[in-house]
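Below are structures written as structure tokens.
You will see chain A twice below: alongside chain B first, and alongside chain C after that.
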Partner chain A sequence: MKLSHKEIDGVIVLEPKGKIMGGPDATLLHDMLHDFIDQNKKKVVIDLSKVEWMNSTGLGILISGLTTLRNNGGELKLACVTEKIESLLTITKLITVFENYDTVEDAVKSFK
Partner chain B sequence: MGTGFLIAIIYLTSAGVLFLTAGIIFKENVRAGNNRVVAAMLFFAGLAPFCVALDKTVLADIENLSLSITNIFYVWELFFPALLLFSVIFPEPLSFYKKRRRLFQLAFIPHLFHILLVVFLNDPDKVISLLNFDSSTPVIGPIVGFLETILKLLTALMGFLYIFHTRFFSLINLSYVILAMYFLKLGYKNITNPALKLQVKIVIWGIAIAVGLYVVSSIIPTILSFKFPAGLREIIVLTALVVGPGSIAWAIIKYRFMDIGLLARQSLVYTITTAIVVGGYLLVITELSAMFSSTLGIQSRLLDIIVVVVLLLFFQPLYNQVDDFVRRIFIKSRSDYRHLMEEFSRQLVTVFDIDRLAVILSENLNREMFIERTHFAVFDEKSSCFKLLGETRAYEIENEFLNSLAQKQKPIFTSEIAELSHEGYLGGRLVELGSYLLVPLMDKGRLVGIISLSPKVAGFRYTYEDISLLSVIANQVVVALNNAALYVKSLEKQRLEEELEVARKIQMALLPRNLPIHPQYDFAAFNHPSRQVGGDYYDFINLADGTLGIVIADVSGKGVPAALLMARVQAILQTQEKRGLPIAEMLSQLNEFLVKSSSPDRYVTMFYGELDPPRGKFCFSNAGHNHPFILDVAGNIRYLDIGGLILGAFSGSRYDTAVAELRKDEILVMYTDGISEAMNLQEVEFGEARIIDAVKEARSQSAQYICAHIIKSVKKYAEGAEEIDDMTLVVVKRK
Partner chain C sequence: MDKPQISGDTIIVPSDTTYLAEVDEFVESKLTAAGVSSSLTADLAISITEIVNNAILHGNKNDPKKLVTVTLKLGQDDVEVSIKDEGQGFEPDSIPSPIDEANLLNQVGRGIFIVRSLMDSVDFRFTSGGTEVILRKKIKE
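Now for the complex of A and B:
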């Protein structure tokens, strides 16, 4: 997984690319989120349009990210969820936990 | 004639060895003042046997040789002040010498005066006879006569002095020797390098024995005015000559004393070999011709020539034999560089620890090459920095430093690299540590490490031989570094394998050994852990009210952590047997427990249902697990998706329950994502649809058959592709 990020209207937009799996991916996202929390940036959108696939550990990373942000008074939202990941979210019923939006703009707007 | 010859040859050989050594040492490193002194001492020492040899051979035949010519030979006695000077600078200048350098040079003055005296005033009568001027001239006559008388008196006085002088001067030589021995002992004590200590020990003992013998045979008899029998004296002097130069030659050839190169050592060997062979031959020839002439009574030059020709025929093979012998004694010694290489290679093969490698490297180099300190820097993949072994901190490398090393690819002197003093960087640090020579360790054009060497002890220099040896060693070290890295990898792999084996065992122990048996139902289950061992789990629990709990679950993650989490889940589920909680309540409790006891990125997807066998009622709740389904006789599918969130992720999750009915000939299929997500070579997943198809194909068969058919289909589909996850499948058919 490659992970880049940008900031739109005070909202951090993370753009992971490739497959989200366990191991180094987890620490990468975890450390990045903690950096943002330290900078008091707690509104985060993950743009999943470029994520091909996610295994159970990858899903764990998203859950952990959401928990971390919520525990610090922030929020994690998803944008551009692909069909494959959406079905994964549906099966695990996580679709009820994560707010997800069709576009990054919508997700960013939802924070206002 | 014979022994005289032999003795002359011993004298000449000793002189040869000493002159050659002096020459080599002088030429090897002229800049170092120490070498000049050592060379001077050896030269004067060589002069003594050389003069005696001359005296015994060439000059022996000349009648009425002027005494003053042979007295020039006394120049050799400059050996004593040279020895004194040598003793204070060898192997390292003593501290008090550094301050009073000039003072020690004064040691030569008595000897210069002595030589003047013995060369020009050794025969006062002769000088006096030369002073017989014609004093008959008037006016000037009396003055000349007066002067003549004065000069004659002075000369006579000098002559008188001369008699005492030889005795007195022997005292000076004796005191020089004693002082020199004392200084050498002081210097010896300061040496720490074991190899150098060995060299110096041999040399000091050699000199001490030689000089001691000379003192016994010449100086003491002169002082005390007595004489050894000529034969005994000759033997003592000869022993001194063999021991003194011999010890120096031995130390040079065998222990690389004074850091003499291989070529020079070979020439020393050559000198000794030649002396032995030529001496032996001359002896044999003269003895033979003498024997022939006495027994046969023939006195013919022709015979001599024949003998010489016959012997010359044997010369080459014999020479080779002797050369071989001398070489075996000297050159193939344990401290030869070849030995160092062998020793080094032997040790490196068995070393897989980089720290140990560094220790072996420094020990060997320091000992064999007389290097004061060796440092070893290794590239660290993780930090992309260099680590100096023995230090914890990592250093970045300066670009110009890296370029210099990578371009040269061979040992390079620190002085050849400009700008090395960047603080906190590798080059700067090495300079701080006193680096003098750097040996880059290159692996496929990449710099993987550096051996940093300080200057050698006692100011020895790095020879061409050293540099080429270091290049060879560098290659060996690179191989050893690679071996060490491979070893670490294989260890890690082994550890991982062992861990997976543990996880596999835990998982196997948790899965039920037997399937339930019921007249109305047919049960089948399949579990195949992946190579990495995931956290799949299924179970059947006989509940108190006669219902049958059926569970299928998938713990996120792999290996031992997943297996342990699964074990916890199983333990809690087993209590359900006794407690009989409502399903929703049981799952909520399980969720809370998992939220508390594991990190949020670890979770469990679980489907749990309780089957009431007589009625076929199946009360269930699905906590984020792949939807199980029921295939009815008409071929329709009913999904069992009611439930709630995955377990262990969020606190406060609520679970809904639903009731499904399993009628006659209906098939309930539960699976984990290892089956639905099994991929073919085109990376397309097997998917739910294909599972349903497989079930339909085998619907008329038993649960076992259906189960096996699904697995067969999956395996066929994913043939050749990489197996990613555990596969678990549970099939229940109502008969």
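Now for the complex of A and C:
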């Protein structure tokens, strides 16, 4: 997995690419997410358009980010969820937990 | 063994999650070569990396001297995958349901549930030498 990020209107947009399956790649996403939380950046969107799939490790990282942000008055939202990941979110009922937008632009706007 | 070894339809990896990507690459190359659809290949890769991750972390407890062995048996209509570790085993039915409201925000505990949802069958064999998980999935519609 590769990971980049950008900031749009005060919202951090994380852009993982590839597969999130555990091991050092997954640690990258967890650490970057928590680095931004430490910097008091509390509005985060994860653009999943380039993530082919993830397993439970990836879902655990999303949950960890969401709960940490919510506990600090922030929010983590998802954008561009692929069919495979949406199916996993549905199976695990996490689809009911995350706000999920069709585009990054819509996700960013939802913070206003 | 300090790095993964591949022999035919088997890959053996030391207990280090760094090697998950190599397990995925092995699985996807074999399934793609056999003409399995990309969606089914993804379901199998998700399930296999999930079980291998558990085998490394919980079965072999990250002991690099202990190995995880993944073997694919590709049939005409289905695939059977065996994943063996050298751990003490566990009680699969004792894992709390991750879709219970109280567990929904837990960071861990979804792996086996996801694998059971994606595969046609999941069987566990516990022996004194370790645990074997056997996954089966139809690959022809």
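The rule is short, and it goes like this: the second predicted complex is superposed on the first by the 111 of 112 C-alpha atoms of A that agree within 3 Å, B and C clash if a C-alpha of one lies under 4 Å from a C-alpha of the other, contacts with A are read in each partner's own complex, and residues count from 1 in each chain.
Note that in this section contacts are C-beta pairs under 8 Å (C-beta built on N, C-alpha and C of every residue); 3 or more make two chains touch, one makes a residue touch a chain.
From a predicted model like this one, the values you see are computed outputs, not experimental measurements.
Engineer: So, on chain A, is it clash or fit between chain B and chain C?
Structural biologist: Aligned on chain A, chain C clashes with chain B.
Engineer: Is A:K93 touching the first partner chain B, the second partner chain C, both, or neither of them?
Structural biologist: Touch partners of A:K93: chain B and chain C.
Engineer: Where does A:T57 make contact in the superposed view: on chain B (first), on chain C (second), on both, or on neither?
Structural biologist: In the superposition, A:T57 touches chain B and chain C alike.
Engineer: Between chain B and chain C, point out the one touching more chain A residues.
Structural biologist: C
Engineer: I'd like to know which partner A:T67 touches here: chain B for first, chain C for second, both or neither.
Structural biologist: both
Engineer: Would you please give the residues of chain A that touch chain B in one complex and also touch chain C in the other complex?
Structural biologist: Residues 22, 55-57, 59-61, 63-64, 67, 91-94, 96-97, which sit in both footprints.
Engineer: Applying the document's contact rule, which stretches of chain A touch chain C when the two form their complex?
Structural biologist: Those in contact with chain C are residues 19, 21-25, 52-57, 59-61, 63-64, 66-67, 84, 88, 91-94, 96-97.
Engineer: Quick one: in the complex, what on chain A touches chain B?
Structural biologist: Residue positions touching the partner: 22, 26, 55-57, 59-61, 63-64, 67-68, 91-94, 96-97.
Engineer: Along chain C, where are the residues that touch chain A in the complex?
Structural biologist: Contact set of chain C toward chain A: 17-21, 24, 39, 42, 45-46, 49-50, 53, 98-99, 104-111, 113-114, 117-118.
Engineer: Which positions of chain B touch chain A when the two form their complex?
Structural biologist: Per the touch definition, chain B meets chain A at residues 554, 556-558, 599-603, 605, 623-627, 643-646, 649-650, 673, 724-725.
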